[in-house]
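The structures considered in this document are given below.
Each of the next two complexes has subunit A plus one other chain: subunit B in the first, subunit C in the second.
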Partner chain A sequence: MSLFGTNTGFGSGGTGVFGSTTTDSHNPMKDVEVTSPPDDSISCLAFSPPTMPGNFLIGGSWANDVRCWEVQDNGQTVPKAQQMHTGPVLDVCWSDDGSKVFTASCDKTAKMWDLNSNQTIQIAQHEGPIRTIHWIKAPNYSCVMTGSWDKTLKFWDTRSPNPMMSLQMPERCYCADVVYPMAVVATAERGLIVYQLENQPSEFRRIESPLKHQHRCVAIFKDKQSKPTGFALGSIEGRVAIHYINPPNPAKDNFTFKCHRSNGTNTATPQDIYAVNAISFHPVHGTLATVGSDGRFSFWDKDARTKLKTSEQLDQPITACCFNNNGNIFAYASSYDWSKGHEYYNPQKKNYIFLRNAAEELKPRNKK
Partner chain B sequence: MGRKKKKQMKPWCWYCNRDFDDEKILIQHQKAKHFKCHICHKKLYTGPGLAIHCMQVHKETIDGVPNAIPGRTDIELEIYGMEGIPEKDVEERRRVLEQKTQDNQKKKQQDDSDEDDDDEEAGPSFQQPVTTVQPQGAYVPMTQPGMAPVPAPGMPLGSYSGMPPMMPGVPPMMPGMLPVMPRMPPGMMPMSGMMPPTHGMPPMMPGMPPGLPPHMGHHPGIPHMAQAPPTSTRPAVPATTVSTPQPSVSKPLFPSAGQVQQAGSGVAVSSSAPPSAAPKPTFPAYTQSSATAAANTSSTVAKPGTPVTSKPATLTTTSATSKLIHPDEDISLEELRAQLPRYQCKIPSAGQAHVTSPPVAPMGGVLPPQQGIPAQQPGVRHPMQGPYGALPQGVPGYVPGGMPPYGQAPPMVPPFQAAPPRPTIGMRPPVMSPGGRY
Partner chain C sequence: MTVCNFFLQGRCRYGDKCWNEHPRGGRGGGGGGDYRGNQQPSRGGFGNRVWINPSQRTGGDYVQPSSFSRDGNNDWSRGGGGGGGGGGGGVASRDVKSSDFSFSSQNRFTALFTLMHSLRNQDTVQKDMEVWQTSGQWPFSCYSVLPGRLSGFVEVSPEELRLEYYSGRASGDLQAYMNSVQQLADQWRSRVQELRTMSSSTRISISELKNPGSQTSAHEFGSTASGFGTTSSTSSSSSTGFGPGGFSSGFSFAPSKPGFGASNTQQASGFGSAFAQPSSGFSAAPAAPAASAASFSFAAPAVENKASSVSTFSFKLCPGGSSAAADVQSSASGAFGGAADTGLFSAHSDLTAEELKEFTAKRFTLGQIPLKAPPADLLVV
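Right, the complex of A and B next:
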């Protein structure tokens, strides 16, 4: 049932096929493979919100498409639909009610995909590729936030062609996250800005970066009362900073940790340091997952400051990850991220999205 | 605090075997005695850091760590405080300490019962393995988790990272605060660091408005040590503090937080929660300003193995010990990739671009797309109708905000049709074909 335009691989039926190749390095963790993966690198993944029954996964790719799969309880994935942009898709997000998907692309537009009717309309326009897109649901307004390489952050009411608001950023937007009423945007040149979204979005604070290298990914975490209280910021230098917005003791509470590096303790050979491509927080446990260019994912407990698990190494970098709404599923995408430049790109190489049961492995360790 | 103790021994300096009460003092000592450049007196953070500095800045090589005892002069070893000390030296130190305590005990006991036992000397050595195993056993688990060893350098790192946001704020406080800082001799470090339980000496910090009693928790500690200066700063202090008691502030945005933030931002941005919230005894300004005094530099922290990035154009990626797996240009991977011709935006050909078939499936209709037939749904508000070859690419003519169709497809489309921006337009095969990408 090749739902999608074409399939280079599986496509015969919607069953999750386990790695059928002889070498297992493409799926050393033996996780469930999503069927009909995109034909080029996957840039972003997003699971449906709890307001919808079931689990639906959206993935955007460098093949200009956005695909939707239904993930069934038995682990089977069923391709459902696909939409296209005219340029690579860099970010996707769901509306809070699960009826719409927003997609952002290098073609400088963002679209709203109504899943019920399977129609898309353009809802945003920038002067440069749109790198991030997030849905904001506030008590007194709802809108889509887009961050672009044109150094602006725009807010769109989907019914109007003009942005409700446009905020200037110091540099190109590299990554962002939103957990109402807080939004964090990390830009080029290690810029870091926190916005508050109550009443209307406004810049809250510019923070001097806790990291010394290019920012790559950011994810907001919440406190025990489910209020956003800080964020995790990943850089290209195999390091993640945990930063609280208003900590009682910044010197002690904020910290960074190294990750996604090769040969940890062996000092004889130079250590390879990989970029952290994405960070996701488990919606229930508050622990986090990081995925890197080294082709591994790791789970961490930021409160106990310990590592929970590191995966085996996949043969390709892991470019995106996300948890489903109840934290039972961890999805991660294995595809080339350009970390070694143009030379290592192989268009024939298959891209994968894997699903892993995340219920147990992300439980926090007991504090010692 | 929240972490298991990684070492049960008091911090000591690997280079000269001196003991210290606190790792912070140890680090200060190392920076001042062992990692200080003899040419320009700049304090580096590690041995290799010093070597690199001398080479790059002064074009001079150094062959050993200054002021180190023989056998401990290795300039290549990356030691920072208690981090990076070779395990065998740690053990040796422990043994030596054990021996000292044994010797002390022996002298006290003067027990003759073991005279005939020629294991008298072996005794301590038996015990040593026993005692050393345990701490080692305790040590190991902490090194296992990838994060654990890092927090130690990470802690001071954390303090630096906490600082930078502070730094911009500090100057505003300076006028009054400045006099305060120099009053803090290095010995003060532990005091501020440990946040002495209130000395309850508000009078010691004259001029500080009563609104900040909790902050006083720190201040008293300071004048406590250096008696003379406080009086002289009295007049200066009120000047600065005037700004702090500002009422409101920008929304207590993030409820969980509240309290005093970096005092600097508290003044400049006035975002700290005002009178309310029993602010904790820790006065971030002091923690950080003391950290400043100690750290001597603001945000730069060179951590083991990672080179500092240089400016925009390229990254400094390699060092002897590590290599960043990232292209040299300091732009994001996505930007680099998007520059390639193969990823330039294309105009879809007729009927290929979007799925517009009516819903069918139960799920509320998310349906397999098939060749969309634009004609089917004229009202679809699709800028990308095939026949028009529309291309909402934000072409300068089209404008930011000049948005395409919201229920008015026909009128909107023609403008797009007008000037497809790219030369490669329209010729491209539909994206959906497999690898049919160029």
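Right, the complex of A and C next:
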């Protein structure tokens, strides 16, 4: 049975193979488990771009390693390669041609991993841990953008040890996203800056954050013409803000919604509120997925302003998620995100990466 | 476009929808002109803000739509829709020189809106704190109530904390990590509790939230104390925001504030209340937890606008004069009780006979309004 690309109920076929026992809640959604997951929390996931045949998944973890798996059409995952940093890896990204992977780590460096030769070289250096890394492909230049806790955003030509450009930010970079020609960076203290990348990166606008608490994740979405038009911003307070850059009617177009909270309708008992750890947009449908510290993932349609689906609760928080290039696979990682401090950290607990068929569940609601 | 005359006088009914031009930065004492009557524009450069008129309460309906939970808040930051936001936002964005009185926002409702917002802010903050405490969400986050942000919260992301832990573990010294986490947690807990119980000091800090931007203004403010108009050399926006706030802050800031002298009876009574409210906050500020204190004493960067809202608050409350003032005072005084009001009030011995007479009189006499703080016992409760 083909797991990806068709609508067969793969759950029926795959369950038995992947060890989901009846009482075990580590995989309540009965999704495909990736083999050889990292030994510590997974901080980031990235699928290969469409320029490369097949699906390759890269995952960075707090065990200082970056792993690469090939995801085959029948759902099997084959570990391919691994590289190490000297500190936990916080972010990974692919180059546009799919031949290189960039990894950013707490050891203040970023590396470029050539998959063909399985070699890495350092391409960036910061004064503090590098939190985000993105590849920018513009018509007249290409570079790697790194955002760090040293409050700078640097752009690197991978051939030179010095940055092409360095932009100062008001605070530490917490998350970022790039869809040419727009880049959004969310920083500490609720900072939110939009950059435009044409010709050369420059600050476009600083936005007053629509959220009241710490920013946690950001993802840019595109309009029907595939131009980036806004972003979704998640915070630690179980809330996501959808913000358009130049909406016709800001008061009506921009909105926030609550998610990843317990006790949905019961207002009597206090709600548990969980952080939104990552947001990903489906490349084809434009619907979004959010994953949170409560161990659930949810799919939403931002245009119809409805929730499409919420998963069952996993026994660990979900720390990262991503869609593959054609939107058929949704990958999410189940591992501890430190949302409750060190007391709840169990180094022995196994971390998982799950793959789910995303072709059907993320279709937008027909409305308006 | 023709320049709107009404806007210049601070009386434009259409606000942003007006077809005529509303020059920004061109508003002098015009704003105050209407309601202050004998008020010289130069005097209350910011005091002019006080032109809020209780009768404008009806403007309150105007504000309803931009409730906090929605992104009507965006209107605030844009300074378009909500008056308060318009006032705060519009004001803040302008580059006001010390002698430039253009702080007054484009419509008369701003002060009213800031007032209402400050009240709503307090509720919002309290509810949010309660939720934060019970929900188990990540504690080490900043927090803000639009349009400003509340100080006293340390922002640390889970990843940063985790990295600290890992470094500690690698170096073998986890105790330092534990201690710092414990400290952060305690700090957070106390700050949340304080905001939740909403003491007078925090109340002030929250009302001061209105004006993001211009930090230093606070300093100027306190120090110069001369015509409000002049203080704001660097403070620009903040001062403007301070307009009304400036007014009251002038007061509460205590004794010598010229603003005092500048007011007419109406305001004076308002003062009493304004005084009470902010002062309590004021005095409490130093005593209160560092965070609120910092934010409070005008010196607080993040906090600008509080003063403005406070002032408007007091004004709002004294439509008629002393009676309303009394009401406010009573609540304020109550709050006072708790506050460390050492520097807040003057002792009877500090005041001259005339000043004492003024304080004991039902209304202030124009031109003889004392510049020192009233004695606590003379406050009508």
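One rule holds for everything that comes next: the second predicted complex is superposed on the first by the 347 of 368 C-alpha atoms of A that agree within 3 Å, B and C clash if a C-alpha of one lies under 4 Å from a C-alpha of the other, contacts with A are read in each partner's own complex, and residues count from 1 in each chain.
Operating definition for what follows: a residue touches a chain if its C-beta (ideal position, glycine included) is under 8 Å from a C-beta of that chain, and two chains touch if they have at least 3 such contacts.
Here the structure is a predicted model, which is why all the values come from computation and not from measurement.
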item	value
Simultaneous placement of subunit C and subunit B on subunit A, clash or fit	clash
First (subunit B), second (subunit C), both or neither touched by A:A275	both
Touching partner for A:D177 - first (subunit B), second (subunit C), both, neither	neither
Subunit B versus subunit C as contact partner of A:N246, first or second or both or neither	first
First, second, both or neither for A:D31, with subunit B first and subunit C second	neither
Partner chain in contact with A:Q214 - subunit B first, subunit C second, else both or neither	both
Touched partner set for A:A81, first subunit B, second subunit C, both or neither	first
Residue contacts with subunit A in the superposition, subunit B compared against subunit C	B
Which of subunit B and subunit C A:I236 touches, first, second, both or neither	both
First, second, both or neither for A:T310, with subunit B first and subunit C second	first
Subunit B versus subunit C as contact partner of A:D91, first or second or both or neither	neither
From 38-46, 164-172, 218-226 or 254-262, the subunit C stretch with C-alpha clashes against subunit B	164-172
Contacts on subunit A seen with subunit B and repeated with subunit C across the two complexes	43, 62, 87-88, 90, 106, 129, 131, 149, 172, 174, 188-189, 208-210, 212-214, 216, 236-237, 241, 250-251, 254-256, 261, 270-275, 337-342
Parts of subunit A lying in touch with subunit C, wherever the complex brings them together	43, 62, 87-88, 90, 106, 129, 131, 149, 171-172, 174, 188-190, 208-210, 212-214, 216, 235-238, 241, 250-251, 254-256, 261, 270-275, 337-342, 345
For the subunit A and subunit B complex, residues of the former touching the latter	3-8, 39, 43, 56, 62-65, 68, 70, 79-84, 86-88, 90, 99, 106-109, 115-129, 131, 149-150, 159-163, 166, 172, 174, 181-182, 188-189, 196, 198, 204-205, 207-210, 212-214, 216, 223, 225, 227-229, 236-237, 239, 241, 243-259, 261, 264, 267, 270-275, 293-294, 298, 300, 303-307, 310, 337-342, 347-348, 367-368
Subunit C residues within the subunit A interface of the complex	66, 70-75, 77-78, 81, 128, 131, 134-138, 140-147, 149, 155, 157-163, 165-166, 177-178, 181
Contact set on subunit B toward subunit A in their complex	1-4, 145-148, 150-151, 154-155, 157-159, 161-168, 250-251, 253-259, 261-262, 265, 269, 271, 280, 282, 284, 287-288, 291, 299-301, 303, 305-306, 308-309, 312, 315, 318-327, 330-338, 340, 343-348, 352-359, 361, 363-369, 377, 380-384, 391-394, 396, 398-406, 430-435, 437
